[in-house]
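Please see the structure below; I have some questions.
Letters A, B, C and D mark the chains as written, and numbering starts fresh at 1 in each.
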Amino acid sequence: MLMHMPTRQELKDTQSERDHRGIAIDRVGIKNLKYPIRVKEKNGSGQETVATITLTVDLPHEFKGTHMSRFLEVISNWGFELASDSIGGILPALMERLDSERAHIDIEFPFFIEKEAPVTGAKGLMDYVVRFNATGEADHVDLVTTVEVHVTTLCPCSKAISTRGAHNQRGVVTLAVRTNGFVWVEDLISLVEEAASSELYSLLKRPDEKAVTERAYDNPVFVEDLVRNIAMKVKEEERITWYRVEAENFESIHNHNAYAMIEKHNGDSSSPSRGSGEE
Amino acid sequence: MLMHMPTRQELKDTQSERDHRGIAIDRVGIKNLKYPIRVKEKNGSGQETVATITLTVDLPHEFKGTHMSRFLEVISNWGFELASDSIGGILPALMERLDSERAHIDIEFPFFIEKEAPVTGAKGLMDYVVRFNATGEADHVDLVTTVEVHVTTLCPCSKAISTRGAHNQRGVVTLAVRTNGFVWVEDLISLVEEAASSELYSLLKRPDEKAVTERAYDNPVFVEDLVRNIAMKVKEEERITWYRVEAENFESIHNHNAYAMIEKHNGDSSSPSRGSGEE
Amino acid sequence: MLMHMPTRQELKDTQSERDHRGIAIDRVGIKNLKYPIRVKEKNGSGQETVATITLTVDLPHEFKGTHMSRFLEVISNWGFELASDSIGGILPALMERLDSERAHIDIEFPFFIEKEAPVTGAKGLMDYVVRFNATGEADHVDLVTTVEVHVTTLCPCSKAISTRGAHNQRGVVTLAVRTNGFVWVEDLISLVEEAASSELYSLLKRPDEKAVTERAYDNPVFVEDLVRNIAMKVKEEERITWYRVEAENFESIHNHNAYAMIEKHNGDSSSPSRGSGEE
Amino acid sequence: MLMHMPTRQELKDTQSERDHRGIAIDRVGIKNLKYPIRVKEKNGSGQETVATITLTVDLPHEFKGTHMSRFLEVISNWGFELASDSIGGILPALMERLDSERAHIDIEFPFFIEKEAPVTGAKGLMDYVVRFNATGEADHVDLVTTVEVHVTTLCPCSKAISTRGAHNQRGVVTLAVRTNGFVWVEDLISLVEEAASSELYSLLKRPDEKAVTERAYDNPVFVEDLVRNIAMKVKEEERITWYRVEAENFESIHNHNAYAMIEKHNGDSSSPSRGSGEE
């Protein structure tokens, strides 16, 4: 297509020029890259899914720019296989290839778990959202694992004051944790589901629907109860060193949502790096 | 900033060049323009809101391009004041300024109605989404008015089979109509709200929450019931000549939604022009 | 968990009750279901991806409701393997299981193609969006296949009037087709990419970036040109019996988008069923 | 509608019950409330727009729940009039009405500025996004003001290596600041626009388009340059005590985005409270 094909050496490397503004950049890289990945499952198997990825590094004040194509090369050389114990593996490659002191990977993907209906045992796939936000520096990796879990919540106030029925709705719980050992996302998801009025299902037959309806009615929770129930369970799990739990109810009687959040505060060392949960 | 300021006459008018591919364009224009507007209210007042606007015209096969800046000029000259009886007014200006045979405006905006809680009468603002999709041709305007209304739905099956409680959730109804006379969007919204298990409110005190909970329990509807109830009400309204009603429930026990749709079919003349509801 | 497990026979089947409103429902079913699927590739291989699925059927006027769980059962029994020649296979199962005359599947997923950079040949994965909207009735299936392809567009007017440079931007082309024979989505994507100022790439080294920049500058297109170029190519493809092509430019000099659309009009028989491209 | 209207006194106040889990809640309240507001403008006037609002307070460990309806009452009693010097005014009302020690308001809205085209002076409205994230505690208010500004960026590398043209695109800059004095959002927006290859316009005639195209070609910036240019300007503004600037380019030659971020780090006291920019 091109008559003349200049070599890279002939083409000016603007990015490598010296910058004189004296300002280092905290994060620079590529954002919103879609990529197929394979994620390890607790049952020993694995599942294919599609991730949205942000890869960034720091840039010292003396360089004009980073080399964006190298982020793609690191991704291409990467093996697609992913679990929270391997996500950090990409960070040293980023630091070396981009010649930087610090690297970040933020990755989000839908994750599926087969679930049996509570009475009939009918099987169906439930979908969740999982995020890993990892920062690497020297030989240290800081990893925040996040699960987004949809649940049923039934309002305790509505139940208490009404002679029949109680408003309930779908809500979303977002649980982010740091751990000092490996924790399966399947276990984080279960922990959240057990704290709600009921978990959700993909496939429910009539006997299941009856069971789920009555279970929710028997276990009313405010968003406040939901985040507290989860915080209590998280505290019992010794491997979790930091957490933030948020619950948001898509209220069935309002057009706005109810929201609650608890975050573990224990000094700067264990609080998350800024923005780790944002991207 | 510029040393030389060429006049428009000096600058080549690429768009006005002759095109030789022989293909007319159905719609060309600007999309996703944000603009503040003022909308007339049934109570005689008006409200300020922010619209997302698409403006398009047809382009005969012989012209290479349209003049995009003229769409903005038409909008700038427009008076901001809007109701379904004035939306068509912008179309002749578009056709004249763009020298076209057909023009379209697709406009969507949040719309607010003050509502009183059912027992205490406490007042709060509820938000809705309103869309006008208008096509002008010669001296004819075809207008589709759409309202998106969030409601409560309570499942009849869940209620019938459970010894206590019944799953319920927020749902969204989308009602699109063509009329042969002026109809207030406030009336379309009321028509939808009356067909649900309960309407939503912004502000509810405890006696209101009790009333709304019990009302929903006493009026269970499937998505199928919801669209049928609305279709029956719409049929009683003589000014409505065509309609499509959709209901989507954000099921509180599932992670997918329940959906139903009814559209009036009465020959090509009254069916909507393709895509009129899409943008 | 439940002391008493009623059988399905004991539980009232509200959905199967007779309805007396006399209104048939055009579409009822489940929407926004996330599901992992495997899609056939032109190269003989296949790829795993994640779909968003809507499944609906018609409901005669005499039935109160459909049985939502059966849609999930049909999906569960389905083999996950998908191509435009097999998508219709799910429709007879839906019609039989839901006892309906007409069934629809609307499915959307990200689709990946490995692409070589134009000069260095460096490989990277490009992502696209693919949609199948299929309607089955008796032994007939109507299928609309849609691809969303991001491209580079460079403005001919800006190039013609400026002494240096020309504004360019990312744009998205949405091409929907009906065919009378099998067509690979890979071929539809190529057809679109060849009509733009340049196609996009995931990984470009400096010699590639030079080539792509100059190629775009040498091939300026308005959104009008883009849809016309694609319409011309589509017309040469005998297997395509209907098409609609839309282009939307995320203008680099404006905060709104430029938009153009051409649709083949040839009588009602080949025009798409309403809403076929909407969901 | 209700035969019996119980008074509030008769209805159980579940929220006020004592909680025994011993866990305080950081934030509880309402999220995603749509509300019309009026915003002060630098020119002495004001503009109506539509806000998305989150209101939260802390909840001591001994209370089971907050009273959600009171958040709505505070909003209803509020005057709609808003500027960064008045946003804090709602916080004491929240703390008092909800009986809490700390309150937060997170508010986001589209904001319009009339702009003249650079050569012809043709006027058009440009839209931006503005956010205020305010936390009140005792008599202290911490306010983060954020502007999202779309701009043109032209790639310095593409320009340097290509014999003609240079890829450019729309990008979005997000600038968040804390100040020790009043700063107009209009001034933050100007500061960002001056740092880009070019600012965007709503309405450009051909002489304007020529000027903007050439201006962008003469001022190439990487995302790295963009955030550094803005950081330098921000540092010169004495009233700004903390900032974070992000730039994201919707690359015209790729399907992923380029991203860069600089944040002022100067000890814990001036770094933002966690999550202040997230909601």
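Please note the rule applied: contacts are C-beta pairs under 8 Å (C-beta built on N, C-alpha and C of every residue); 3 or more make two chains touch, one makes a residue touch a chain.
The structure displayed is predicted, hence computed values, not measured ones.
Asker: Name, by label, each chain that touches both members of the pair subunit A and subunit D.
Answerer: B, C
Asker: If you tally the C-beta contacts, which comes out ahead, A-C or A-B?
Answerer: When A-B is set beside A-C, the one with more contacts is A-B.
Asker: If every chain is reduced to the average of its C-alpha atoms, which one ends up farthest from subunit C?
Answerer: The most remote chain is D.
Asker: Take the average of all CA coordinates in subunit A, do the same for subunit C, and state the distance between these two points in whole angstrom.
Answerer: 28
Asker: Let me have the rounded angstrom distance from the C-alpha centre of subunit A over to the C-alpha centre of subunit B, please.
Answerer: The mean C-alpha positions of subunit A and subunit B differ by 35 Å.
Asker: Where in subunit A do residues touch two or more of the other chains?
Answerer: If we look for residues of subunit A contacting two or more partner chains, we find 6, 11, 13, 33-34, 127, 157, 161, 202, 204, 206, 210, 214, 255-256.
Asker: Please name which positions on subunit A make contact with subunit B in the complex.
Answerer: 126-127, 150, 152, 154, 157-158, 161-170, 198, 200-202, 204, 206, 209-210, 212-214, 216-218, 250-256
Asker: Which residues of subunit D touch subunit A in the complex?
Answerer: 6, 11-15, 19, 21, 23-34, 54, 56, 59, 64-66, 68, 156-157, 160-161, 222-225, 227-229, 231-232, 248, 255-263, 268, 271-272, 274-275, 277-278
Asker: Applying the document's contact rule, which stretches of subunit B touch subunit D when the two form their complex?
Answerer: 1-2, 5-8, 11, 13, 33-36, 47-50, 69, 72-73, 76, 110, 112, 118-119, 122-125, 127, 202-207, 210-211, 214-215
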